[in-house]
């Protein structure tokens, strides 16, 4: 299985590449020809207002949604043709993917086994320690607070040690402490993992970005490193793309979540 | 194979901890059985004719309840999406879910069948094995379409309403053939007489098992 | 322009045939012995039922094509055919009930064909419900497509089980619809054929008009939605083509 997955950070093969990806929902084009390339080991942050298509784009990269036209390549292959490539992806979305009726350890081991992790139990214990939940492994997830659940969500996404991490608004609903923990965790992975993160918080995004992209109304309006040096520069760039006052001239919003 | 086993294990553990689905289905089907008893107050002769219909109608409603609950569970934290991220054949999710639902429905039947027999005063024992064969075939059919449709209806705005409305017309062959076959058996007809019904049930199971397996992935995709 | 001409021709021809069919049904076809003039509803009933099933076949094929290709055009075809199908199936059931009133002395009988048509009507209506209340994104279309496939395959099984069910019971009384077809008077057969042709053309016209409407609505939404163009971005042919 691992044969066609190169080591992380080698920089040889592009981790993610989309070619003219279009996604339509009924008559609405949520993505209008997105060309995106993410190198191995790179952290890309995608900014954009609500309804811009950020979640849709991430769902396509995660193979949860098929592009209407255009192609997706993960490490050079089509993940829709070869489902085993999903092993290279770790996803943190708006939802936890956790079962409230299972304990933290059971949730992680369940995910680990289905990802084909050799010693899922040991891996689960190690990750629980990493995210500061070592003492709570045998409690039902239902009893967890929002912050704890989010930390466990991240542990679940890392169970199979994926070379690519896809994070959709991971800071939403996190308190200061949990947000700090997430940033520290992502800092540690930086350079070793390919990260694609969407956010509308410019500050949190800039802290982790090697490169930024701005998605507006289904179009990748900007890709590059120009705005990375300061929050003001990024903000200006963002407003240029979004259009002056930050509103987008679009009446029908695409259902972006769920 | 391992994937399917894990998926079924997960559903069974979740259910055994809360017993939500089983309790709800069991209590509901008992109630319906008793209400049927009141409504028809069948004489011994009528009972032979009425029992199969009562059994299948109760089962379809109980199945609808249980199936819908089993997907609401997955929907709460979008766990279905999480399942689809695993590097496994996505059709395994359908098989796993269907097998778990089959176990739940069989468990309810173990309670319901003797209860109905007691209420209506019909002895099932003389034809027990043919009756069980009909029951098993029909249950597989209900689960085959029900698993597919509850995965659909749980994503709609009218989920509680949509599933029964989908199930009842489409499960009509199971309801009709299952009822008729059991009536025939209880009335002392030969196995050969009810064979057409058995064939319809078998065809239903095969066709919709295969269709469910093939289209499940499309259903979940946005 | 060209499609409109083609559609106008179908409507014109269908209209002529429909008027002819109506005239033949009332004036040309002979009176049936047992049922008298009430039998003439037959010329409305059979074509309606035929269109109901034809429309369902179109839904089935379009649904498979939609799931396989994910092209919006197939989804719209399935939606249009479902709508037209509901109308004709309703007509078939209503006229069937009237027929039953005179043929069997009752508004409703569990005749296999009537029952199957009734179930078909249910599946159509549920399909419209799924489209109206369905989930997010393309899910309503996908769900309706699945229902279009499952429902179509279910219909023969429903029919078989009803036939088997009825075979254990005596049939109502009087005339069975099975009597027709072979023993049909030539003038009756001609009238039926003209009406079948008229209804088929009517279906083609309604179906294509409805599909064109839906396509136009899509194009409007797309155009309104894509007025925004960020500066300095090359758009890969953001035309109005609808997938």
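Some observations on this one:
In this document, chain identifiers A, B and C correspond to the written order of the chains, with residue numbering beginning at 1 in each.
Note that a residue touches a chain if its C-beta (ideal position, glycine included) is under 8 Å from a C-beta of that chain, and two chains touch if they have at least 3 such contacts.
Small disclaimer: the values here were computed from a predicted structure and weren't measured.
Taking the mean of all protein Cα atoms as the centre, the chain whose own Cα mean lies nearest is B. Comparing the centres of all chains, each the average of its CA atoms, the largest separation from chain B belongs to A. The chain pair with the larger count of C-beta pairs in contact, out of B-C and A-B, is B-C.
Per-chain CA centroids place chain A at a distance of 46 Å from chain C. We define each chain's centre as the mean of its Cα atoms; on that basis chain B and chain C are separated by 31 Å.
Centroid to centroid, with C-alpha atoms defining each point, chain A and chain B lie 39 Å apart. Touching of two or more other chains is recorded for residues 25, 65-66, 258 of chain A. Each of residues 221-222 in chain B touches at least two other chains. Of all residues in chain C, those touching 2 or more other chains are 136-138, listed in ascending order.
Contact residues of chain C toward chain B in the complex are 67, 119, 122-123, 126, 129-130, 133-140, 142-143, 145-147, 149-151, 153-154, 157-158, 160-162, 164-165, 168. Residues 1, 25, 59, 62-66, 83-87, 89, 91, 93-102, 106, 110-111, 113-116, 156, 258 of chain A touch chain B in their complex.
On chain C, the positions that touch chain A within their shared complex are 70, 72, 136-138, 141, 217-222, 224-231, 233, 235-236, 238, 242-243. The part of chain B that touches chain C in the complex is made up of residues 145, 148, 152, 155-158, 162, 165-166, 168-170, 172-173, 176-177, 180, 184, 196-197, 200, 203-204, 207-208, 211, 215, 218-219, 221-222. Residues 2-3, 6, 10, 13-14, 17-18, 73, 76-79, 81-90, 221-222 of chain B touch chain A in their complex.
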